[in-house]
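As written, the chains take the letters A, B, C and D, and residue 1 is the first residue of each chain.
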Amino acid sequence: MASSNTRQLLITRYDATRALSKTLAQPLSAEDQCVQSMPDASPTKWHLAHTSWFFETVVLTTHNVIAYRPFDERFAFLFNSYYESLGPRHPRSERGLLTRPTSATVLEYRAHVDTAMRRLIEEANEDTWAAVAPLIVLGLNHEQQHQELLLTDIKHLLSRNPLQPAYAGGITSHRSSMRQDTPPATQWIDCAGGRVDVGHDQRGFAFDNETPRHAVLLQPHQLANRLVTCGEYLEFIADGGYKRPEFWLSDGWAMSNAQQWQAPLYWQSENGKDWRVFTLNGVKTIDASEPVCHISFYEAAAYAAWARARLPTEFEWEAAAANVSGAERAFDTRSPHPRSTGIEKNANFGFAQLYGETWQWTRSSYDPYPGFKPHTGAIAEYNGKFMVGQIVLRGGSCATPDGHARSTYRNFFPPSARWQFSGIRLARDL
Amino acid sequence: MASSNTRQLLITRYDATRALSKTLAQPLSAEDQCVQSMPDASPTKWHLAHTSWFFETVVLTTHNVIAYRPFDERFAFLFNSYYESLGPRHPRSERGLLTRPTSATVLEYRAHVDTAMRRLIEEANEDTWAAVAPLIVLGLNHEQQHQELLLTDIKHLLSRNPLQPAYAGGITSHRSSMRQDTPPATQWIDCAGGRVDVGHDQRGFAFDNETPRHAVLLQPHQLANRLVTCGEYLEFIADGGYKRPEFWLSDGWAMSNAQQWQAPLYWQSENGKDWRVFTLNGVKTIDASEPVCHISFYEAAAYAAWARARLPTEFEWEAAAANVSGAERAFDTRSPHPRSTGIEKNANFGFAQLYGETWQWTRSSYDPYPGFKPHTGAIAEYNGKFMVGQIVLRGGSCATPDGHARSTYRNFFPPSARWQFSGIRLARDL
Amino acid sequence: MASSNTRQLLITRYDATRALSKTLAQPLSAEDQCVQSMPDASPTKWHLAHTSWFFETVVLTTHNVIAYRPFDERFAFLFNSYYESLGPRHPRSERGLLTRPTSATVLEYRAHVDTAMRRLIEEANEDTWAAVAPLIVLGLNHEQQHQELLLTDIKHLLSRNPLQPAYAGGITSHRSSMRQDTPPATQWIDCAGGRVDVGHDQRGFAFDNETPRHAVLLQPHQLANRLVTCGEYLEFIADGGYKRPEFWLSDGWAMSNAQQWQAPLYWQSENGKDWRVFTLNGVKTIDASEPVCHISFYEAAAYAAWARARLPTEFEWEAAAANVSGAERAFDTRSPHPRSTGIEKNANFGFAQLYGETWQWTRSSYDPYPGFKPHTGAIAEYNGKFMVGQIVLRGGSCATPDGHARSTYRNFFPPSARWQFSGIRLARDL
Amino acid sequence: MASSNTRQLLITRYDATRALSKTLAQPLSAEDQCVQSMPDASPTKWHLAHTSWFFETVVLTTHNVIAYRPFDERFAFLFNSYYESLGPRHPRSERGLLTRPTSATVLEYRAHVDTAMRRLIEEANEDTWAAVAPLIVLGLNHEQQHQELLLTDIKHLLSRNPLQPAYAGGITSHRSSMRQDTPPATQWIDCAGGRVDVGHDQRGFAFDNETPRHAVLLQPHQLANRLVTCGEYLEFIADGGYKRPEFWLSDGWAMSNAQQWQAPLYWQSENGKDWRVFTLNGVKTIDASEPVCHISFYEAAAYAAWARARLPTEFEWEAAAANVSGAERAFDTRSPHPRSTGIEKNANFGFAQLYGETWQWTRSSYDPYPGFKPHTGAIAEYNGKFMVGQIVLRGGSCATPDGHARSTYRNFFPPSARWQFSGIRLARDL
């Protein structure tokens, strides 16, 4: 029997997660929240509505014994992201055309869903509780994913405005929170390899793509104890990194040339030397000590080749991260905004900057684990159907909500994606 | 010497024209005003800003003896539409990314420009007056053009929303204002042809593309006294009009197939029979007696071929329109919104529906008149540089502001354009 | 009654025209004849087959009383160019995929059609003769059009080969036949304007688009007595012609930038100064005295604006050409290859270089003449359905077969087309 | 010291491999050999030239102590496929524009290279021999890869011709060589999993991407003893396989819809039921007992999902194949054309149809092996730079030259590729 305490804990968590989405949207005008800057990105308003649609569709209309009335029947079409089994949906590339419903109506929609969700959590009988509790936790993790996307997407939109507006002047964000002093030289941590268990043990929440836990064999190797910095990346640029095909994968070289890449996304320069960077706080000079961010897998791999190293496999990363005691509890939970302390607890081990700076491209394609079984029902489409053409990123970023990431977490994006908070940790063979 | 009366009349006209733009934007939310639904269309907010930019750039910063300070120096880049001589500009296809400046700021910008303009009109010395008065009148005509575009563009945006929202429920618009009774059969008006003078005589305002006035020779022909109705167009559809290449220009057939045209833009049907139409007042059933609207030149020409007729040349149209006594004064000037009485004054002549229903595609490409000279200075780019690849439309539409159109007016769009209020008047050889 | 002499004359003409197509293909390998270098161009082999298909379809299978058996039933699909009324057809952009039928088979196809055509011309009874004789003449004019296209298309193909092969070393072609000495300064010929008759009087062959003959009014103007030379065009380039938007139509400026035009098609330079040109005889240095060739309408119009002149209208051109006594007979008919003497007969009038150098872009869109009626039957599609989005060119080129062009001839291409032998004659207002 | 016997063996092998390329081109006309049907495919003539360029560039001009003079200096530009380190090259998508050099010249080029190669093999001193012998073997394996591509590419070209010509009537090809009787039901072979060694041990030739040999852990699983047949695939189609998104990866569903896939490439039907298939021998009815071929990874994965199974990983496949004794020697080496006996030797084990029918899509992305080191020098670009966005195929096909494939061989193509001889072997978890 789900105790009232258990229920109350879930309501608290539900409220906190839902509130953060609204908080993140707060600095934005109705116009900011409506526009879509590219097909890969979604409007803020759409994120706010879609995360509510998820609860409405996957939980309330499917499992609620208390008669739930949808806020607006048409939203099932408008705010379905990609679930084929849930019927036709509005095209992704046209999300920015939805000037209606307005932001105000979307907030009403959220409140309508929240009221029903709270009542459900409080009143569900045992059978319903057993069915919906895992879905609610999934929905909250889903909403956290969209909180990060909300930030990456609004950053992209604002960056396309010649006025280069800041998302919010006051917040302590990625770019400004980082220490300004020179980072220490990279330490190479020896990893003996051998048989290790990877994947989630399913004690606590995990996405289906992290399972089943299974053993893999690793070769002996070394991992960098910290991320590649902007200063180091500037050396790569200065050494002709973007002009020397020998460092690049073939697809990466083609794309870099086609799109005339010369530096990470959001870096700006009029002479190819004095680089500035657009951030959520506006345009700033480059901080050489910060981890380089907003690079594609292609750039990460080219940098690694230039540095006579390579990217770690996802399992090399995971095995090392699993050794960092308490790493996942290192986030400062008092922060209203997502951020980490930047240095994880186990200083002795020295494997730092795991979760709070940038996602870290691995040298692993996003393939299913042996024995992988997707969720059943509509949420079967959550992860499995994207397992082709994508690269795994591990860790977490300054935009990842507190408590969302973990050592087994598999983030994934196409190798050309640059608008995520993505960076580089190096590895090399022993 | 420009009398204070002359100045006052211009201020009155300036204020009325500027006010109408704001009135047209009034029913729209900030979100509605910000989004761009296709590269050909611009956001409402952009129209409001660009028309102010025009006065600021062409009049205030060029000719003002009273020191004018631009509202924001960066707007010269953001709100230049296509004037190469005025420096670099924001790409047309990205106008919808400008969530900043906000709608509120754009209204402040308008007020800032208006204050300066009123003061200029009141205080300009004679030399300045001589220089700026024609530019101000041009600017007001320019603003009227954008008032129509504002309506065509917002109609397109709202139509792309699955919720199919109305622009405004209360207004008397095109679709709702038309009589519901059966229109009389088309009357064919004989036109003897011969030598006629066309083009504007430059008494009063005209755009440069209407000049110089010159003589042309017309062949004997007939013109329909009214526009083709939706009911007649439905017969074309029912007779396989969209499936029979023999009626179509080659480019039109290719485009119609590529875009799977089956009816005018904004017509909707689930079975190809029971057509409804999206209007600024929302979705309605087709009124068979209304002029068909939102068709491309390709469709107009195909319809004419099917009807064993043709489209008139622009000069056939103009010669007939010049004969309609007082036609240009037939608009009901009390209306706060653009509309006409639908039937022009000279009922004896019977050449009706010239200006207040739909623009009328002609069988004339948009070429320069013999001896055509563009304006000088920045406004040289106003019309001349578009004289290729476009078709002339004559008349005016339900969205054309009162007093804007005239018999010599040359509107022009590419032959594939459908989002304008464009329809068909037939002609045939005698 | 068609006399046997009349029939024999037609056979002679038929044989000569058909033979020229084969002669033009002679220098080309089977590979050269098969490949399509862009969707606008067709393979040589396709031209050879399509022109035979025209006789087979329009004449032999429609009108032949002598039982005609098609060479291969499937060719009706393969070699139909654009006749919707003649059923489905192979896509234009895939003509280069037809490695079968081979060149050898296509020559057999030609022979098969020729045999039947000769027999038809000899043996047709009076009714058949009346029906087919005009179609045969049309077919021969059609074949001449494809002879010019064969040359423009193979030139384009060979130009795309890094080896820059010559079409044929020995022939006297455009680029090599021109005198090398300095051309005289342009003379401006006064044209009084007024009422002139234009269009073909239908004595002798004309395409339907040249009819009906009708009167137009011209304004007083001047025409250049010769074409713009490469030397003059080099001055335009040197004066920043391709970098100064004030000379360009808006669409032209956009296309010139998108495609990075810096000079006419086929001009090559490594430093932007020392220009060479790819010709049918291989790569040569620019001959400053030659007419500039392979420019788009956009470039022609920009050059004219730079030169403080304009392009002539098609009727200004035609009126002047009609005054050149005997111009159309000035071609050297002994030549096996198309060429003209370069200077027309009426030296007193001085309106030179009409037909044998380059087609001349006019400032007239390709609209139908008043009272225009297309042919009936399948050939209704010959010209009329292309009357939108194209610009009229007048004159003829070094690649136009002898006797094909005339003063009323209306050639037409889109304003962006550069691979035709197209150049510039200037006009200006008086 | 390389004995003369060793040298003679290499010459024999060199001659045989080189001769097969010519043999494969023999049934094709010069036109067939010249045209490129899509950017992914290359003309036959280009394959013949490029494989010679490889020997010329990688062996003769780099390592030859006997002065070698290139056949034509310009071929280094024309026939470089993708080696950035070897300078600029002709764009891949324009290979079909190379009507020159002719097929005859390309054969002369081959002979020129062959003469030099034979002399090199005979006369190289010990140092040179040590340097070039591995490169020559690589060049022969490279040529074998292009022999298969030559067949897949010409098949694609011929299939695009409405005449549907056969490559050659007489040869015993894939489609015709297969037995017509009903295949036995699939047997599921149990594989215990555990630690297995994969990758090539570098005794004998292997590509760099097959190395280093290393251990991996496999889960217990089953593998189908034979390939999925056309008959089985027809059931998938009949069960709505192409219309049910639940079976598809997201990218696959999008592509299948965009390209309107309804069956494997080369299958044809007018009613969606009576399927025929275009083969190198022309169009035939479907043989239900043959392995299904010419499907993308997306289709293979969708079929597997429909069949409640999955695709094997590349290591599951390799481990099973390594158990098939003598499998790699099962090919009939007397055949002048590539084919296999279809049933491998170790009938007891029953893991059949490994190498001679179709390549088999695996569920493994093409990532580098741990410790992977590319070749050095120009051939560093051979494999490594393509290790992103591709899927591994294992086995070999009816078009794979005898002796080319092996159990460690890693073929790779993008998941959308269909023009290769690619099919399906199923796996499932135990």
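FYI, contacts are C-beta pairs under 8 Å (C-beta built on N, C-alpha and C of every residue); 3 or more make two chains touch, one makes a residue touch a chain.
The model shown is predicted, which means the values in this text are computed figures rather than measured ones.
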Same-interface partner of A-B, chosen from the options A-D, C-D or B-C, over half of the pairs matching: C-D
Where chain A and chain C are represented by their mean Cα positions, the distance between them in whole Å: 60
Where chain C and chain D are represented by their mean Cα positions, the distance between them in whole Å: 47
Cα-centroid distance, chain B relative to chain C, in whole angstrom: 38
Numbers and ranges of chain A residues touching at least 2 other chains: none
Chain pairs that touch, as defined at the top of this document: A-B, A-D, B-C, C-D
Chain C partner contacts - residues on chain B that touch it in the complex: 82, 84-85, 195, 214-219, 221, 245-246, 248-253, 297-298, 301, 313, 363-368, 370-371, 380-381, 385-389, 391, 415, 429
Sites on chain B touched by chain A in the complex: 29-35, 37, 74, 77-78, 90, 94, 96-103, 157-158, 160-163, 165
